[in-house]
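Below: the structure, in structure tokens.
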Amino acid sequence: MKRSELVTYLDAYLEVASFEGIDRSMNSLVVGPLDREVHTVAFAVDACQAVFEGAIEAGADLLVVHHGLFWGQPLAVCGPHYTRLKTLIEGNLDVYAAHLPLDAHSEVGNNITIARKLGLQDIQGFAEHKGRMLGFKGTLADGRSAEWISARLGFKNPLILPFGDEVIHRVGIVSGGASSDVLAALSDGLDCFITGEFEHQYYHDAAEGGITVIAGGHYVTETFGPLALMEHIRETFSLNVVFVANPTGL
Amino acid sequence: MKRSELVTYLDAYLEVASFEGIDRSMNSLVVGPLDREVHTVAFAVDACQAVFEGAIEAGADLLVVHHGLFWGQPLAVCGPHYTRLKTLIEGNLDVYAAHLPLDAHSEVGNNITIARKLGLQDIQGFAEHKGRMLGFKGTLADGRSAEWISARLGFKNPLILPFGDEVIHRVGIVSGGASSDVLAALSDGLDCFITGEFEHQYYHDAAEGGITVIAGGHYVTETFGPLALMEHIRETFSLNVVFVANPTGL
Amino acid sequence: MKRSELVTYLDAYLEVASFEGIDRSMNSLVVGPLDREVHTVAFAVDACQAVFEGAIEAGADLLVVHHGLFWGQPLAVCGPHYTRLKTLIEGNLDVYAAHLPLDAHSEVGNNITIARKLGLQDIQGFAEHKGRMLGFKGTLADGRSAEWISARLGFKNPLILPFGDEVIHRVGIVSGGASSDVLAALSDGLDCFITGEFEHQYYHDAAEGGITVIAGGHYVTETFGPLALMEHIRETFSLNVVFVANPTGL
Amino acid sequence: MKRSELVTYLDAYLEVASFEGIDRSMNSLVVGPLDREVHTVAFAVDACQAVFEGAIEAGADLLVVHHGLFWGQPLAVCGPHYTRLKTLIEGNLDVYAAHLPLDAHSEVGNNITIARKLGLQDIQGFAEHKGRMLGFKGTLADGRSAEWISARLGFKNPLILPFGDEVIHRVGIVSGGASSDVLAALSDGLDCFITGEFEHQYYHDAAEGGITVIAGGHYVTETFGPLALMEHIRETFSLNVVFVANPTGL
Amino acid sequence: MKRSELVTYLDAYLEVASFEGIDRSMNSLVVGPLDREVHTVAFAVDACQAVFEGAIEAGADLLVVHHGLFWGQPLAVCGPHYTRLKTLIEGNLDVYAAHLPLDAHSEVGNNITIARKLGLQDIQGFAEHKGRMLGFKGTLADGRSAEWISARLGFKNPLILPFGDEVIHRVGIVSGGASSDVLAALSDGLDCFITGEFEHQYYHDAAEGGITVIAGGHYVTETFGPLALMEHIRETFSLNVVFVANPTGL
Amino acid sequence: MKRSELVTYLDAYLEVASFEGIDRSMNSLVVGPLDREVHTVAFAVDACQAVFEGAIEAGADLLVVHHGLFWGQPLAVCGPHYTRLKTLIEGNLDVYAAHLPLDAHSEVGNNITIARKLGLQDIQGFAEHKGRMLGFKGTLADGRSAEWISARLGFKNPLILPFGDEVIHRVGIVSGGASSDVLAALSDGLDCFITGEFEHQYYHDAAEGGITVIAGGHYVTETFGPLALMEHIRETFSLNVVFVANPTGL
């Protein structure tokens, strides 16, 4: 199919336009010449050199990433950024980015996908950012431990700060580097806050507020959305899809 | 010589760092991989497709332009911008930009070069922009007409608004699109304001303030600096130089 | 009729209040003592000395202009501005300004009037500015040349940049000095962008994007709205109306 | 003498340019046509209708005021503002404003003049505003009561909040409406803060911090500077001078 | 009852959340440990040491004030602020603040309560502040004098500026320090503007615009809301209530 | 000694005033009543409940912390913050905060202390933040491994990203959560960047730029400054000092 048709579909499905002024990431198509055919679409967490090479090796025409290339500041085309663009241009690989749209999406977003994996009930939006909820919160009907949650989500080496009750019912989720949303979790009276990275700066808020924090890794918690979106695209269009893994350990 | 040596020289000579926070243009090296050798340097007014192709055809390794590629907003690598970067990368042409540093420079800037061409005396800085003078002003000892000035500067089809005295003594110069600086010229009591483009918006300020305006064209008035810098580089280093003309008529 | 009644009518008809925070021009009544009678209303593009004198000579009580006197900065009552106010006060001429409200209006705005003059079909809003469409776009059913369009609009000495197809179907219009809206025209896939002044800065965007630009003059393109509003007022109220022409050639 | 010579002198003497970006008042000449002769200069606190009429009646060519006409926002020439400008233009009265420059001046400012009237010793700058000291502070060698201070300054009906020691040694002064500077007085460990108007909002800061506040009236405390400047101009130039009193009781 | 239940009720009744971004005061509960029982609620205008001591002496568990402790800037816990918090913590007194919510409220706000006390008819919102009406305006059917109004509101020592007609029909009200809203009163064509404190800065606007101003005192005009809210709480819940008076004379 | 004398000394020695507008932390004395005697001074990284209790148990009168209580936003005195202030007030413990002043200090700052511990030569300022260098950089004369550096600094469980040469010569240091300063380290051509926490967001910059990152923990890297300052105070004054350890593992 035409790349432009797929871009139009993704922009609408992910409600990209509604994040203008909210997301400092440049979303939608960020690298690509005039329209061309797409046969294989790669998905990944980060727009980085290793992922670009992996996607080209896998024969992809378009790469869909959660973390794109442009973050509100112009970027000189020098050093590693030169190498990245040279690789993309010579490899005929175009790039589509979806940052907050792929955190907050109610079907394939990172957070809703984690919430469903945990079997949460009464799922609602959580953690406002410039007037928009980016995360989700809900209830574990049976009550579970932090270890059960970590195992269920496949976290290999999670950071667990066990400051709340051992039996967890009310859970809030914001993937990636979202330490400050522990304050929203405290305001909302939750038992547990799940995120990717957790900073020292909010340690005492969690400790003195009495909430359990599970930090599963920035990279790991942000594979859920790209994988769910990949599945959605595979089911919706007759396109080859491939996930390019590139874990950072962070 | 190494491109990095030339970039270091240009940054210092043009005082690029001192324009941080003043110039929204990204200056210095804006396209280029890790260091490489430079043999031929091209100079031009605009960073555009036609100039890139001309410079590559002329065998240039580095192109020095007055109007660069980045202006404070990130730019998706799509459409014509994709073509531009592809051309530069495949043509092994790097790009160095110097916007306000090449307007305001006291030896090779657009404005000082025009001032010297006119033989102005008592030359001083003129037209403050965020605390920095970008233009120059001075005196025509003999008194001259707007037509004499236009001819002296080689303006083919200038816009002349003859609202001041016919005999011009005190002249202020800001190249390019600098209509609003006619207000500085009025405050300073000048007889004539020379610029590139002049907008309707300031017509009545000139008319009622009684000052003659000469608009020689944005492109034309901004060839003076690149040509002077080219000459300076030719004299300072053993490098081939070439000017890539691409007039827009504006 | 009372001036206050006419001002109330104009404020409502032109939806002046809805442009607060969008238009840096001070709109509505900008010069006038406590209420008085209006018999003759003058219309013009610019609030300048020559127009004030013309309107007073024509016996006008109120002058309606597109470009008013105040643009977001306080203005010392000195030099030409002193003369302007003295002329108005001694000539008993009041001033009403309507800047963006008279660009964007869907009945008598500059842009809709141009669109109708061209016989565009499927007319829609075009070129967003702070959340508001200021221009209009539409389709020339038969396909026309840039020369046909210029002649149809009475442009004497237009700047035509013929970078698009010779036969023009999709047209976008923003009167005055609106060069940057050529980017909106490119995004919207139009064949031709009509404006008043066109700056060097956007030349290469037009050239490489492949769109034809027609710049008919800032003054000329902004006579359409004042003339249409004059006609509307003449038909609506029993008032004398007069248009005070004062072309700048820009 | 030429008005322009006097304006140049006042701008330099009052260091008007150094208050750019600090004072939201438009200072220097704010109403006046091209240059004309000045014979009589009036001085007053406020630029208001009654003062304009008084100055014209006194035969003044130029009026120097502490509170000018423009405060950072453009002002429609309507209603009372229309009447003011009409009065000035028809009465051939020009207006020069000096707001913060006439508060902070070290020879003729409101605050230094009050400080000298009180015979303060060890006088230093006091109460920073955007990096600039606007007031002065110093010591009453003998120790005085709030009543003695009020009488010495000619305050008719002062507000005295006697929260500090009865015997006052260390005094800080900021004329006009400067309630918030009581916080600076507390930081500096002063015994007494003298100002014009004092607001409820800072009452408890004064009470709990234990400092005596004397509010002599906004108008009254700001007559000191204009009178001192009048005296200075009378001594420096051969000009007639006149003070136009217009107390508001506030 | 639980303090948290009362806080939830007050937040909803006073629509506290809707003032976010409008009110620089921190509203809702501003001092208090985890939940505890409330038996006696004190009401006052200002959060100050004398009021805290009065409320503790009266046996209050919670103090509701119009002027709270935090105004957009962090505050070091030093000097008098240390003493205040020590007093509250040792006295087991919690504090709830409601600033603009208690000015603008349509049942128990300062302004509506004054409007009802005067028997105004056709009551509407008045005096916009960041998109929200804070005051009320309405009509005195019979026409009254400034003295009648002052007496009716119990003003002991009001400032009356009698610049309008003696017989007052149209009245606008904004309690506290709201001098600048006299401009809204002039725009709305009112006969009289009632506020708490009135500054010199707006004296000439009132005088030349021809409107009567009544300034009844910041403290006095802001007792109406707390007293009305106290009555409402007494009627709604079985709680003891007490008003802690602490007039400043300002 | 008097607490006020010590506060005055610390303010001057740490150049606290020079960080105004640079540091969003409120520095200097942040909790304390009017002056009192200090005998024992505690030092710690964080102002948190556990540290407060530890310092009180150790008999401290004053606690000096790197991370204080106030960060640019007002804070309701509720929940854990209420408990913290109650603990401090009842325990007679005052708090002094020094955030960026204790990062950037050239004798006892976190970064210079690390630099000296490593035996760096040619030490210079590094990593600008709002016009001020917060870190230090220098050279390891002999060349060392990342493991040697970690061991030398006592890092128990460091994160090492070994993207640069194995033998490290040029080192840059910014303690705490300073991931983004890896970009400064790349610009400066360093071999190794030492910090506290390192985020996923900058992983690929480090990887593709080819620099080794050592993240020793936010808490651990910020014990160096408080310990050095404690030693300095012990040597300068006859005061008891104690360090209150409270590692977070982050």
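Here the chain labels run A, B, C, D, E and F in written order, and each chain numbers its own residues starting at 1.
As a working rule, contacts are C-beta pairs under 8 Å (C-beta built on N, C-alpha and C of every residue); 3 or more make two chains touch, one makes a residue touch a chain.
Please read all numbers here as calculations on a predicted model, not as lab measurements.
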item	value
Chains in simultaneous contact with subunit D and subunit F	E
Farthest chain (mean CA position) relative to subunit B	E
Candidate from A-B, A-F or E-F with the same interface as D-E, over half of contact pairs in common	A-F
Centre distance in Å when subunit A and subunit D are each reduced to the mean of their C-alpha atoms	60
Inter-chain centre distance, subunit B versus subunit C - centres from mean C-alpha coordinates, in Å	32
Separation of subunit A from subunit C, taking each centre as the mean of its C-alpha atoms, in whole Å	47
Overlap residues in subunit A, where contacts from two or more other chains coincide	79, 83
Topology of the chain contact graph, where touching chains are joined (line, ring, star, complete, other)	ring
Successive chains around the closed ring, taking subunit D as origin and subunit E next	D, E, F, A, B, C
Of subunit E, residues touching subunit F in the complex	26, 28-34, 69-79, 82-83, 85-86, 88-90
Of subunit F, residues touching subunit A in the complex	46, 48-50, 67, 79-80, 83-84, 159, 176-177, 196-201, 203-205, 207-209, 217-219, 248, 250
